[in-house]
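To start, the structure under review is shown below, and the notes come after it.
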Amino acid sequence: MNRRPVFLMSVLAFGFAFFYVPILSMIVFSFNNARLATVWGGFSTKWYAKLFANDQVLDAAWLSVRIALTSATVATILGTMAGIALARFRRFRGRTFFSGLVTAPLIMPEVITGISTLIFFILISNLLEAAFGWKTQRGFTTITLAHITFSLTFVTAIIQSRLRDADIAVEEAAMDLGSRPWQVMKDITLPIISPAILSGWLLAFTISLDDVVITSFTTGPGSTTLPILIWSKVKLGVTPDINALATITVCVVGLGVIIAGILLNRAERRRDLDAQMAYRANE
Amino acid sequence: MQAAAQAETVRASAVDPAPFIRIDGVSKYFGTFRAVENVSLEIRKGEIFALLGGSGCGKTTLLRMLAGFEEPTKGRIFIDGQDMTGVPAYDRPVNMMFQSYALFPHMSVEKNVGYGLKHERMTDARRKERVREMLELVQLSQFAHRKPHQISGGQRQRVALARALARQPKLLLLDEPLAALDKKLREHTQFELMDIQHKTGTTFIVVTHDQEEAMILSDRMAVMDKGEVKQVGSPTEVYEYPTNRFVAGFIGSINFAEASVVSVAGDLAQVEVPAFGGRMSARAVPGLAAGQALTLAVRPEKLTISRGRPDLPNAVQGVVSDVGYFGKDSLYKVRLPSGAVLTAHSANARRAAEAERVATWEDDVWLSFDPSAAILLTA
Amino acid sequence: MTEISAANTAPPKPRTARLRRWFHRRGWADLTIATPYVWLTIFFLLPFMIVTAMSFASRTPTSPPFSFGVDGSFLNFENFARLLEDDLYRRAFLISIRNAALATLLCLLIGYPMALGLTRVSRSARNVLLMLVILPFWTSFLLRVYAWMGLMGTNSWFNRLLTSIYNGLVPDDWAIRSIQMMHTNFAVVLVTVYSYLPFMILPLYANLEKLDLTLDEAAMDLGSRPFRVFLDVTLPLSIPGIIAGAMLVFIPACGELIIPGLVGNPSQPMIGRVISDEFASARDWPMASAVSVALLFLMVGPMMLYTHFEAKAQEKKAMEP
């Protein structure tokens, strides 16, 4: 069809401008020499220097990374289990309820998840103190537990959709060739979904690294993650060092996504080419 | 040839001989790929015209240019005297029955059939009436309120046909109309299509890769290869009088042998066929000269197989290397002393036990054919 | 030698053998189901049930600050009664719904043509553009909100640009010095659209990309002009994508805490703010719980029911021949 969708292309252009102008503006102003973050006062990299000299920021970043690594790993294991259970075990008691339980955190407003988790942790902590005299404090553990719960549902969604697309005949073939169900899972199913497991982990990692609302409810004194630190600073207004921090984040993430995208794209093109060659060879 | 032409006039009595659709030197290039190359065709009003060819031969591109989904790179298309250049699909007096049927999944059968009428100026009552008529024509009245996914494949095909015919197009394009149906249903539907065409009198252009479908359905057909039209003619002409090697080989099965002309006398030509180990006589084609190299072709069913030497000018001896029994006929592969293998079909007209058949493995047999059955191909 | 091989081939202790047999036959499957099941029950369902129960409790000056059956009856409906009576809650709900609905509508108006546009560009361009849609989603949510704070401030180049455009269009005596964008509902809607637009584009794109283009051709062949084709074919067939995208935007936008907290009008709190204020500032856990439960019933409930029935209908469709 050779009609030119002028309207669609203009909206597309507008949309991408909308997406990227604020980010670009933020990056430009991170190199601003002036104290005011919104008025240009010459080029400078001093805010980056200031940022790296700030122990508070580095500590918060390190805590965030530790929480994200732990919670992403546990969430991936649990989420993969749940995804396999929902996609491959056709019937078990409470299946409908289970599938509801897995999707509920996805559509639950974060405030409610945050509040209910906090109340739960407070009550548990009171209970522990009353029963064993064990004084507990919210921090790394509570944040990590909350992040695992929240992000495992995203992993489940990814695994489930990958398994739904996968050809079940491959697993049946393995079973036909003498594998026990458990071996089929280990030898066939898990290798097939390993890319999905990886992307699930990455998603869980970024969700944890990025979370403000749930963390703000489950954190305790002395446990300041990077988003919580930014949140408390940003509440006071726009400052150039946050611009610098934002620029670093955008660059790191952007590079990661672009590299991943190029690799995926190349793999896809490779596959297409191979398929074409095979087709030609058969002709 | 004459008999064939006579049959043709009888069959095409309802067809107006003046060209109704004129495809004039049309080419279509996608980048450097030449999908359609300089095609000129004239299609008459009220006929079923088939575009036959393998995948990638350009037949679908040609159809899409007629529908208005693609613009020709070169050349022009006229429908009923009107130049279609620059006329978008929605303004053409042409409708299409898609290979996938392209039924709107969110609309009922009735809504699908009536969709094209939304743009016609007519009263609601008339529109309803027309939908009813169309559904009756394809015998789907009782399914009017079903959604496409609630009816069978054959029924879907008929909805697609009714939808395309509802606007009373001057030309109906059918893209592989029977490809998605199973064999039994296909045979039945072929005749149904012809019947509906007869009732409505609409000009049909059918794109197909299935030669049998093209032979049964069409009044005339064009055989295409690599974007070019190789031959245009009635099914009989194309089958019995192919003008080139491609068409002869594409339609049905055939035995080819290299030959050279020895002499031409009136209606008959003597040709030397090394593979057959001697001279054969064949019906001459215009413009033959002694010494000219050409191809001799014989259809398997025109070869007679016998134990004894037949009293015919064209006879070759060989050994049966393979036998295939199909029930209604049998296939014999006969190896000649030159090493060439000829395929012969013979109808099993009599009931016979295995031992009573004409020939079996390793039998010495004679193959013979009438000079009129031999096709001389210069291209 | 014989002794060693005998020791090697000796059957393992009966208990571990039984355990291993159990694991291979049924156990691995049971564990796969039970582990996440138990986890979610403890860390998601249980807290949620506590909150639901707490919405029927009374606030008391104890620690923790609630108890059941203060005024005789075990279940206390007073929190819900206050929810209906007190203007604060009604207003917060209305503002939340209005802001979220507006943001959802704008996301749809921008996101739909963008998603449709993405299906019409070449495959290689499409991969790059899709990556560009997802890229902001991977960067910090907080920083995306922050980026707009920089743009909307009265001193920013963006605000000055808009101001001069406005001043150029209106008579001189209407001229203004700057546009008040920060701390308005407009800012909340704008930043919500910005933050959630990918959630609208991606499901829509996934839906539109799967649509059969021959349906468009068929409609065109039957006499419809391109816009008519869009109305008759593309739009109705993309309704599932529209609903999915709208839900992904509307629900979190309703309960949004960060965006109104940073760029919103403090005197017009949204429901998320009210919940967290009741909890933290007023230490009224039962009331915070009641507002949460009400939010779920009012907004999330209907949508969950819708998806449930939609899934049922899809299943039924798949069962038919």
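The letters A, B and C name the chains in turn, as written, and every chain counts its residues from 1.
Note that in this section a residue touches a chain if its C-beta (ideal position, glycine included) is under 8 Å from a C-beta of that chain, and two chains touch if they have at least 3 such contacts.
The shown structure was predicted, so the numbers you read here are calculated from the model rather than taken from an experiment.
K.L.:
Can you list every chain that touches chain A and also touches chain B?
P.N.:
Touching chain A as well as chain B, we find C.
K.L.:
If you tally contacting C-beta pairs for every chain pair, which pair wins?
P.N.:
Maximum number of inter-chain contact pairs occurs for A-C.
K.L.:
Measuring between Cα centroids, what's the chain most distant from chain A?
P.N.:
Result for max centroid distance from chain A is chain B.
K.L.:
In angstrom, rounded to a whole number, how far apart do the mean CA points of chain A and chain B lie?
P.N.:
That gives a centre separation of 58 Å.
K.L.:
Could you work out how far the Cα centre of chain A sits from that of chain C, in whole Å?
P.N.:
So the centre of chain A lies 15 Å away from the centre of chain C.
K.L.:
Can you work out the whole-Å distance between the CA centroids of chain B and chain C?
P.N.:
Going by mean C-alpha positions, chain B sits 58 Å from chain C.
K.L.:
Which positions in chain A touch two or more other chains at once?
P.N.:
Expected reply: 1.
K.L.:
Which residues of chain C are in contact with two or more other chains?
P.N.:
217
K.L.:
Counting only residues that touch at least two other chains, what does the list for chain B look like?
P.N.:
69
K.L.:
Using the touch definition from the top, list the residues of chain B that touch chain C in their complex.
P.N.:
67-69, 88-91, 94-96, 98, 100, 102-106, 115-116, 118-120, 149-150, 152, 163-164, 167
K.L.:
Can you list the residues on chain C that touch chain A in the complex?
P.N.:
By the definition above, chain C touches chain A via 23-24, 28-29, 31-33, 35-37, 39-41, 43-48, 50-51, 54, 63-64, 110-111, 113-114, 116-118, 120-121, 124, 127-129, 131-136, 138-151, 153, 155-158, 194, 197, 201, 213, 216-217, 226, 247, 251-252, 254-255, 257-258, 261-262, 272, 275-276, 279, 285, 288-289, 292, 295-296, 300, 303-304.
K.L.:
Going by the contact rule at the top, pick out the chain C residues touching chain B in the complex.
P.N.:
Answer in residue numbers: 212, 214-215, 217-225, 232-233, 236-237, 317, 320-321.
K.L.:
Give every residue of chain A touching chain C within the complex, in rising order.
P.N.:
1, 3, 5, 7-9, 11-12, 14-16, 18-23, 25-26, 29, 36-40, 78-79, 81-82, 84-85, 89, 92, 94, 98, 101-102, 104-105, 107-120, 122-123, 126, 145-146, 148-149, 152, 156, 180-182, 185, 206, 209-210, 212-213, 227, 230-231, 234-235, 237-238, 242-243, 245-246, 249-250, 253-254, 256-258, 261, 265
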